[in-house]
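Pasting in a structure now, in structure tokens, and then I'll have a few things to ask.
Chain naming follows the written order as A, B, C, D, E and F, and within any one chain the residues start at number 1.
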Amino acid sequence: MTLERIPTGIPGFDEITHGGLIRDRSYLVTGPSGSGKTIFVGQFLVNGIEMYNEPGIMIATEERPQHIREYFSTFGWELERLEDENMLAIVDATSTKIGLPSDEKYIDIRPFDTRSLIDQIINIQDEIGAKRAVLDSTTSIGFAINDVSKFRIELLKISTTLEILGLTSLLTCEVLSTEGDQISRFGVENFVVEGTIVLYYTKTENVRVRGIEIFKLRGSDHSKKIHPFEITENGIVVHPEEEVY
Amino acid sequence: MTLERIPTGIPGFDEITHGGLIRDRSYLVTGPSGSGKTIFVGQFLVNGIEMYNEPGIMIATEERPQHIREYFSTFGWELERLEDENMLAIVDATSTKIGLPSDEKYIDIRPFDTRSLIDQIINIQDEIGAKRAVLDSTTSIGFAINDVSKFRIELLKISTTLEILGLTSLLTCEVLSTEGDQISRFGVENFVVEGTIVLYYTKTENVRVRGIEIFKLRGSDHSKKIHPFEITENGIVVHPEEEVY
Amino acid sequence: MTLERIPTGIPGFDEITHGGLIRDRSYLVTGPSGSGKTIFVGQFLVNGIEMYNEPGIMIATEERPQHIREYFSTFGWELERLEDENMLAIVDATSTKIGLPSDEKYIDIRPFDTRSLIDQIINIQDEIGAKRAVLDSTTSIGFAINDVSKFRIELLKISTTLEILGLTSLLTCEVLSTEGDQISRFGVENFVVEGTIVLYYTKTENVRVRGIEIFKLRGSDHSKKIHPFEITENGIVVHPEEEVY
Amino acid sequence: MTLERIPTGIPGFDEITHGGLIRDRSYLVTGPSGSGKTIFVGQFLVNGIEMYNEPGIMIATEERPQHIREYFSTFGWELERLEDENMLAIVDATSTKIGLPSDEKYIDIRPFDTRSLIDQIINIQDEIGAKRAVLDSTTSIGFAINDVSKFRIELLKISTTLEILGLTSLLTCEVLSTEGDQISRFGVENFVVEGTIVLYYTKTENVRVRGIEIFKLRGSDHSKKIHPFEITENGIVVHPEEEVY
Amino acid sequence: MTLERIPTGIPGFDEITHGGLIRDRSYLVTGPSGSGKTIFVGQFLVNGIEMYNEPGIMIATEERPQHIREYFSTFGWELERLEDENMLAIVDATSTKIGLPSDEKYIDIRPFDTRSLIDQIINIQDEIGAKRAVLDSTTSIGFAINDVSKFRIELLKISTTLEILGLTSLLTCEVLSTEGDQISRFGVENFVVEGTIVLYYTKTENVRVRGIEIFKLRGSDHSKKIHPFEITENGIVVHPEEEVY
Amino acid sequence: MTLERIPTGIPGFDEITHGGLIRDRSYLVTGPSGSGKTIFVGQFLVNGIEMYNEPGIMIATEERPQHIREYFSTFGWELERLEDENMLAIVDATSTKIGLPSDEKYIDIRPFDTRSLIDQIINIQDEIGAKRAVLDSTTSIGFAINDVSKFRIELLKISTTLEILGLTSLLTCEVLSTEGDQISRFGVENFVVEGTIVLYYTKTENVRVRGIEIFKLRGSDHSKKIHPFEITENGIVVHPEEEVY
């Protein structure tokens, strides 16, 4: 049996996954600070709306939505318009957590509570019928929960809910380093997903080099190599025919 | 005296073990995320049923059974049919732990309790007379127990029970890395088994390479090398005559 | 869309950032002891006043303001005059914390309290209408809070407040080493900023070499290399056309 | 003065110790999982009975005696017969600890208690007048006690008792790695013994290699090299004239 | 502006600092056991008295003053005479801490208390009007306080007091290693000083080599290299024109 | 001034110290298990009695005195005779700690108490007027105290008492490794001594090599190299003219 695939629309990426991600599954996008995780998941969401007519949900646990809108506008992505068209919902799970008021439409109450977040996603799903979701990032949830064993269970609840709601999801994870073999911050994030994408941002001699690897992708064959990618003014471009040296 | 052997039916694997596993013993299948542990143990179970007429039990502590059924169908393994034929029982030890209802026939109550799990295995054994069992994974039990010393004892109870019930068992263990010499997550899993199989998924320069090693196999001689293996559309194929460089 | 840029006026630095920092954002200046962090942020502040007519705020959590004034005078920077002209405000967040009285105009009460610090910044902002701010250093706040999870939230509150008040800010962070990949002391400082500048002070064979890297700079392309810099009698000079070997 | 020696009868081993172990002393046999510790100490015990007419005691803290009997039978060692001849006593310190009933003659009560174990050894000594003892393994006692400082004292009590009872003893210790210099699991086991034997099981390129080293042997000169050994169908064979490369 | 400099009188050292230390500042002298820290700070103090007529204070937290007097006499430094001439005061902060009576003139009460130590320094300052001070070592204070966060604040209080009293001070710090980049024991000592001098005592092949580095020296340019030094019968001699290979 | 020296009588050792140890000081003899620490300190004590007519005290915290007597007899050292001649006193600080009765003349009560140990040493000193003392080992005291900060103070009390009583003392310290730069087990033992002697027992390729280094020796110049040594049937022989490669 072949599982249904969903293209990301990120240039070059669907080639190295041999056809995109598996529909209704959750994936970890892991990498150090500065590696391009937020751009990657944003592009996945925006492409979903603009190229494949699939509404999307963005859960922002680390930055205020207004910040993300401004930042994404530098890539030509007009989130505000997509929100007005009811194709995109951004959950502000940041402002109230730092004691700031929020004008956002969707606000996650404080402090962090899995049940309340899940309820909100269910409500949004009723409204816009999303097909894609993004959670940026799992790491701040990990710090909020502050108990590896409990964090693992809560993440498992979130990813399972997203799958049951019919959402293909990307969850970001900020690691301190990609030097060793560890591909998650707390060592448990990878347990709750069907696949892991690693973004490298490595110092080679005196220069930083960007690379992307499909570390794990259940239900599909995929490239076993690390491919270079660029962050252009239109977002990420992966070079599937090249390798990082 | 020679101990009775049980073939796994995994192409190439029975050759590097010089005849398969010892009957009624428990083994650890250890490796990092993405190394193929779940495929390996699933193939052992499915082969047991289809090639050797040995019923099997799968204890799933990390994924809902429906997920596993869909995933395994990509390798042409039809778990549902095997379950209908009473040759396979899957214990859902995941759903209730994350607060979801479960339609499964065999459900492990929450929170994790060794006694209750063992009772359930005994009951299933009455029903289907299994010869093989799989526990995927010990690592989530380790996180649930959250005490290395207690975890070691509970695992020892489980593996001893499986042996007394006449089951040859594979227990998976997710390690963070295979770079050093550590071959288990909590450093105690290997205490409770008669053998350890290590799955490698190593970055060599810029490419991931898969390898398998019989690290320990009491009661039998075995290959001392790391052999390459592939994950094909029919599951794992080990190349016993080749070595990973 | 292009975000507004703000030049630092530090020779060579605005070139490697391809035009300076993004206005109203917070940046981390990270490096080991002796790497030049305090000089870097001081020069940013003094240049803001003298070259671009932008008033500035310096929050000193580690040294008494008088000390900083004397130290900066060795680079020809006359803080006292700038303070008299109401172009610069220095918050003494050090003296009372070690039980000393302070003659300073702006004094942060003890012990460390985010709310009180934020209130003071708001008041200063009413008085001098600053455009740039410097917090030297986040590390002593980290030690005062002594809880990584809480520290992350408090830093997020501070940096968000600075952004809302229209301040472009530099926050210093003292790391123990730049040998590995870790670019912050407590592993969470980089979460709360839009960019990270790393200052290297590395032993090569038998000599210390200084280097600077734009590690992350959201909303702008930037050099991916480590460039050498010098500390001259007029402050920092970056060599954008050279690389550290 | 020369201390009395006791040959192990393990081919090649008595040569690298220049005559065997010192009588009435305790030794640590340390190595990672799969290195052959249990075979080594079993062979020492069986040889003692069959070659030198010295009765033996085996304290099994990790495996049920029945398991050990089956496993050792693959090397042609018939423990049951030796037990019937009153030349061997096996203490089951495993079964009751995991809540299983035991049919064994000698059972150690639960939970672990040094006093009770020592009393039992004294009783057995009255019955069979053993000359050799084996404790497999100290590591499970370490996990049971769970306090390095207390573990050290309890091990010292056990080894001193064994010496006072006139037993030459081998205590196994499972280490996670032999890569560094650490030769014990909890860093204190070596304190309580007169000698340490290290079993290596090292990955060299792509192959596991076995080696043995006399790390410490008070009261006797000994080889300073690592010698290769094999596990044959008759047990361990050390090659004293060869070295591991 | 140029800050006033104070020569140490240590042969070669004032050359690599380009003129000595900045007056009224505190410096860390860091290095492993055996690297020469105590000799270095003693020589600074004795030279101050004999070459520059600057009285000095030595706070000894690790050794009884009588011990130090005997040890320093091997370099020809007659502390007793300098004390009689009221040019040197030694605070015994060791004896009472280990329960011994002390005949010393200046004794620090037990247990360690920053306030009491500061009061004593103020009193001594009234008596002898010192210009230089030495605290050997901060590390024993760190162990006494046993809380990194509190230790940092207390050290900051001490160094700030020394500066306010017009003392140029050297504080020793014993590190476990100079192999990595860490230049302090508890990772916070360098926060409270204006400069750091590192003493190396490194095993090169089979020989220990001594080296000195001006790691940080605010307000002055300085050598960026590691220079060899010797411990002669007259104390330390730095070789500014040579480098450690 | 030159401090009085005391020869150890260990062949070759007094040469690399350029004349022996400083009288009335304490030294650390540090090294891994098997490196020869107990032999070294025993030889120092026996030589003191037989070659220099200086009575000695041995405090045995890890082994029962009878064990030490037997072990040392293999080097031809007859402790019992020396005890009979009132030239040697052995304090049994082991037996009662593990619950065994002791027939020894000098027994240290349980549990470990610095005050009681010091009182006993004072009493012995009245009886035999010892000039040399040995404490084997500090490491077991460290485990008994189980608090690094307190351990440091207690060791300081012990070594200071030994010095005040006119004893030149060697204190052994068992380290886990000599691979890095750490030369003590708990990182504080070196604080309380005037010198440190390191015994190496290093795996070079496939062979263990023994080496000795005078790491620190206050008040005297000394060799900076690692010299090979052998353990012969008469004890340790250092080769001062050779180096370990």
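Keep this in mind: a residue touches a chain if its C-beta (ideal position, glycine included) is under 8 Å from a C-beta of that chain, and two chains touch if they have at least 3 such contacts.
Keep in mind it's a predicted model, so treat the numbers as computed, not measured.
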item	value
Reaching chain F from chain C through chains that touch each other, fewest steps	2
Neighbouring chains common to chain A and chain D, by label	B
Rotation angle superposing chain D onto its copy chain E by C-alpha atoms, nearest 5 degrees	120
Chain at maximum distance from chain C, centres defined as averaged CA atoms	D
Interface sides of chain A and chain C: same vs different residues, half threshold	different
Whole-Å gap between the CA centroids of chain A and chain F	61
Whole-Å gap between the CA centroids of chain A and chain B	31
Chain B: positions in contact with at least two other chains	none
Touch-based graph of the chains, sorted into line, ring, star, complete or other	ring
Going from chain E towards chain F, every chain in order around the ring	E, F, D, B, A, C
Contact footprint of chain B on chain A as seen in their complex	1-3, 148-149, 152-153, 156-157, 160, 164, 180-183, 187-188, 190-191, 194, 196, 213, 215-216, 218-221, 224-226, 243-245
For the chain D and chain B complex, residues of the former touching the latter	32-34, 62, 64, 70-71, 73-74, 76, 94, 97-100, 139-140, 143-144, 146, 174, 176-179, 203, 206-209, 231
